[in-house]
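The same subunit A turns up in both complexes below, where it pairs with subunit B and then with subunit C.
Up next is the complex of A and B:
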C-alpha cells in the first residue's frame, strides 16, 4: 500500500534539529524543545506502528519515480518496530541529557546533532533501497563522529580516532559490496534485488558479495573478529552519548544483517556455518572480555558485543523461531543497553568513578535508586519474568529445532557468564562497603545538581526500566509482534509486492 | 595582502561574484550549476573581501553570524521536500508552476531546494573560514 507520509519520522527529526539550530544560544529552550519533540516523535511512531500492523507493509517512492528506479521507503512491521524503539530510547536519552549533559556541550550543538543522529537511524530502518541505506549509514556515522568528539577531552579524541577509522573502513567495504552487487544485477532497489539475485547462476560471485556485506555490517555491529573498535571507544564520551551509541548504533548493523540476509541473499550451508561460528565466538569473546574489566562502562561495552552474538546466532540458525528470538532480543536489548549506560552515568554522578573496585555501598545509601537500577541489570541477564528471558527461550528453541547444539551451548554459556558478571557487579557496586573516593573538582556530583536535573536523570532511567518491565511482563504481545516480523522476513512476498506491485 | 590593487578590486568583485553565484544557482537543474556551486562562489566572494579588507569589515557587511544561514537554508530545503504532501504526492516530488517566470524561467520546488542548499553552503563555509581566520 502506498502512503506518502511514512517518511514522517525522518522528516520530523530533521525539523526538530532545525528548530534546535534556531535556538542555538538558548540552552534551556533547547532542552525543552528536544524533550517535547522526542515525545511527539514517539507518538508519530506509535501511530505508524498501529497503521502498519493493521494494513501491512506501506511504501512511498520519494520524488514520485517508479519502484526499481526511484528511491523507495518501505515501512513493514520490522521497520516500524525499530523506528518505535529508536524514538523510545531517543526520548529516554533526550530526558537524561537534560540532567546529565554539561552546558558547554549544549553550546556546541549537542541537541541538534542528537536529533540528526536519530534521523539517520530512522532513515536506515525505513530505507528500501540499498544505496539509500548506505547514505543513512553515512549520516549516522557523521553525526556520531561529532557526538563522540564534542567536548574534546583527551580520552574522547583517542577513542574517536579508533571509532572513525574502523567505521570508515566498514563504509568502504559496504560501498564496494554495493558496487559489486550493482554490477551483477543493475539494480539497487532491495525488493528488485531480491528477485534478481535469486536468478544469478554464478553462485560463487553472489556468495562473495554476501561476504562483503557481512564484513561491512559486521564491523558496524561489532561481531567477532571485527569488534575491537567498540570497547576502545564507547567508554570515552559522556554517558548520555554512550547510551544512544550502545543502545542503537550497533543494532543498525544487526538490522541491516537481518534484512539483507533474509531479503537479498538467502544464506546457503556455507554462509550459515560461517555466521554460526562468528556468532558463537562473538558471544564467547564478548563475555570473556567483560569478565576481566574493572571500568563499568567497559564491562557494558563488552556485554554489547556478547549480546550482538545472540542476535547473530538467531540469523545463523535461520528458522522462523530463531529469527523470532533474534527480533525479540533486539527489542529488549535496545532498551536495556540504552538504560545501562544511563545507569553507569548515574553511578558516576553519585560516586565520581567508574571503577568497580572503588564503587560500593549504593544499596545502603540509595536503596530506592538501587532497586530501580536492578531492573535493567537483571533484565539483561534474563531472569524470568524480565525481558531477556523470553528472547533466549526462543533462541534456544530455534537452535534445538535445527540441531545446532554447539550454538545452543554457547548461548547458555553466554547467559551464565552474563549472570556471573552482573552478579559480581551487583555485589561489588551495591553491597560492598565502598571506598572513600577523593572528591574531584571537575565532576558535578548528583547531590550538587538542581532538583529538576536530578529528576530528569532518574525519570529517564525509570521510563526505560518500565518499558523493560513491560517487555518482560507483556511478553505475549511482543512475541506476537516478533512472530509477525519473523514470518515477514522469512517470506518476503508481501514486502516485494508492496514495493513492485503485484506481478 | 593589503595592496591597493587587490583592495580596490575586491570592492567590485564582491557584488559581481554574488551576482554570478545567483546566476549559477538559477542555471542549475538541467544545466551545470546549482545550489552547491553557487553557494561556494558566494562564499568565495566574502572570503576575498575579508582577505583584502580584514575580517571585521566583512562581518560588518554580513551583519549577522553566517552560521545562522544553515537553519534558514534547511527550512527552504525541508519546505521544498514536504510541499508535495499538501497535494498528496510523495515526499520530494517535483512540483512546477505552469508558466515560466520572466528572467528566471521555469520555477519548481527544485529551485527552492537548491536555494536551501545555496544558503547552507554559504553558512557552513563562512562559519568554518571565519572561525579559522579568527584563531590565526
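Up next is the complex of A and C:
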C-alpha cells in the first residue's frame, strides 16, 4: 500500500533539528523543544506502528518514480518496530540529557546533532534501497562522530579516532559491496535485488558479495573479529551519548544484517556456518572481556558485544523461531542497553567515579534508586519475569530445532557469564561499603544538582525501566509482534509485492 | 581500458589498506582517502564502461537508439564523493585536535582509553 506519510518520522526529526539550531543560544529552550519533540516523535511512531500492523507493509516512492527505478521507502512491521524503539530510547536519552549533559556541550549543538542522529537511524530503518541505506548510514556516522568528539577531552579524542577509523573503513567495505552488487544485478532496490540475486548462476560471486556485506555491517554491529573499536571508544563520551550509541548504533548494524540476509542473500550452508561461528565467538569474547573490566562503562561495552552475539546467533540458526528470538532480543536490548548507560551516568553523578573498586554503598545510601537500577541490570541477565528471558527462550528453542547444540551451549554460557558479571557488579557497587567520594571533579554531584535535573535523570531511567518491565510482563504481545516480523522476514513476498506491485 | 582500471583499483585498495595499518595518524587518513577513491572507481568500472552517448533521448525520438552509458553509477559516485569529502574533512580536523591534545601522532601511544580506571 502506498502511503507518503511513512517518511514523517524522518522529516519530523529533521524539522526538530532545524528548530533546535535556531535556538542555538537558548539552552533551556533547546531542552524543552527536544523533550517535547521526542514525545511527539514517539506518538508519530506509535500511530505508524498501529497502521502498519493493521494494513501490512506501506511504501512510498520518492518523486513518484516507480520501483525499481526510484528511491523507495518501505515501512514493514520490522521497520516500524525499530522506528518505535528508536524514538522511545530517543525520548529517554533526551530527558536524561536535560539533567546530565553539561551546558558547555549544549552550547556546541548537542541537541540538534542528537536529533540528526535519530533522523539517520529512522531513515536507515525505513530505507528500501541499498544505496539509500548507505547514505543513511553515513548520516548516522557523521552525527555520531560529532557527538563522540563534542567536548574534546583527551580520552574522548583518542577513543573517537579509533571509532572514526573503523566506521569509515566499514563504509568503504559497504560501498564496495554495493558496487559489486550493482555490477552483478544492475539494480539497487532491495525488493528487486531479492529477485535478481536469486537468479544469478555464479553463486561464488554472490557469496563474495554477501561476505563483503557481512564484514561491513559486522564492523558496525561489533561482531567477533571486528569489534575492537567498541570497547576503546564507547566509554569515553558523556553517559547520555554512550546511551544512544550503546542502545542504537550497533543495533542498526544488526538490523541491516537481518534485513540483507533474509531479503537479498538467502544464506547457504557455508554462510550459516560462518555466521554461527562468528556469533559463538562474539558471545564468548564479549563475556570474557566484560569479566576482567573494572570500569562499569567498559563492562557494559563488552556486554553489548556479548549480546550482539545472541542476535547474530538467531540469524545463524536461520529458522523462524530463532529469528523471532533475535527480533525479541533486539527489542529488549535497545531499551535495556540505553538504560544501562544512563544508569552508569547516574552512578557517576552520585559517586564521581566509574571504577568498581571505588564504587559502593549505593543500597545503603539510595535504597529506592538502587531498586530502580536493579530493573535494567537484571533484565539484562534475563531473570524470568523481566524482558531478557523470553528472547533467550526462543533462541534456545530455535537452536534445538536445527540441532545446533554448540551455539545453544554458547548462548547458555553467555547468559551465565552475564549473570556472574551483573552479580559481581551488584555486590561491588551496591552492597559493598563505599569509600569516600574523590573530590577532584569539576562536575556537580547528584545531590548538588537542581531538583529539576535530578528528576529528569531519574524519570528517564524510570521510563525505560518501565518499558523493560512492560516487555517482560507483556511478553505475550511482544511475541506476537516478533512472530509477525519473523514470518515477514522469512517469507518476504508481502514486502516485494508492496514495493514492486502485484506480479 | 577495463584492465587498466582494474589494476588502478587494486593498487588503490592495497595502498589504502597498507596506509591504514601504519602507526601515523596522517597516514591513516591518507589510507582512508585512497580506499574511498578505490571504491568510487570500482562503482564506475562495475557500471560497465561503454563508448557511447549520454543517455539523453532526443526531442524527435521515443527511446534510446544508440549505445548509451549507464547514468546511475555516476550519480552514485557523485553522492559517495560528496559524503566522503565531508567525512574526510571531519577526520582531518579530528586528527589535528587529537595531535594538539595528546601531543603525538603515533597510534601506539594513544592508550588513554585502555587505562584501567
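Miscellaneous remarks
To be clear about the criterion, the second predicted complex is superposed on the first by the 502 of 503 C-alpha atoms of A that agree within 3 Å, B and C clash if a C-alpha of one lies under 4 Å from a C-alpha of the other, contacts with A are read in each partner's own complex, and residues count from 1 in each chain.
Everything that follows uses one rule, which is that a contact is a pair of C-beta atoms (placed from the backbone, for glycine too) under 8 Å apart; a residue touches a chain by one contact, two chains touch by 3 or more.
Quick caveat, the model's predicted, so the values are computed rather than measured.
Considered on the superposed subunit A, subunit B and subunit C are sterically compatible, since they fit side by side.
Contacts of A:11 after superposition: subunit B is touched, whereas subunit C is not reached.
After overlaying the two complexes on the shared chain, residue contacts for A:155 are found with subunit C alone; subunit B is out of touch. In the superposed model, A:22 lies in contact with subunit B only, and not with subunit C. In the superposed model, A:131 lies in contact with subunit C only, and not with subunit B.
Of the two partner chains placed by the overlay, only subunit B lies in contact with A:60; subunit C stays clear of it.
After superposing the two complexes on chain A, the angle subtended at the C-alpha centre of subunit A by the centres of subunit B and subunit C comes to 50 degrees, rounded to the nearest 10. In the superposition on chain A, A:182 makes contact with subunit C only, while subunit B stays out of contact range. In the superposed model, more residues of subunit A are touched by C than by the other of subunit B and subunit C. Between subunit B and subunit C, the smallest C-alpha to C-alpha distance in the superposed model amounts to 11 Å.
The interface of subunit A with subunit B does not overlap its interface with subunit C at any residue.
Chain contact summary for the complex, subunit C toward subunit A: residues 16, 20, 25, 28, 32, 35-36, 38-40, 42-43, 45-48, 70, 72-73, 76, 79-80, 83, 86-87, 90-91, 94-95, 97-98, 101-102, 107, 110-114, 116-117.
Interface of subunit A with subunit C (complex): residues 131, 135, 138, 141-142, 145-146, 149, 152, 154-155, 157-162, 164-165, 168-169, 171-172, 175-176, 178-180, 182-183, 186, 188, 232-233, 235-236, 293-295, 353-355. Taken in their complex, subunit A has these residues touching subunit B: 2, 4-5, 7, 11, 14-15, 17-18, 21-22, 24, 60-64.
Subunit B contributes residues 67, 70-71, 74-75, 78, 81-82, 84-85, 88-94 to its touches with subunit A in the complex.
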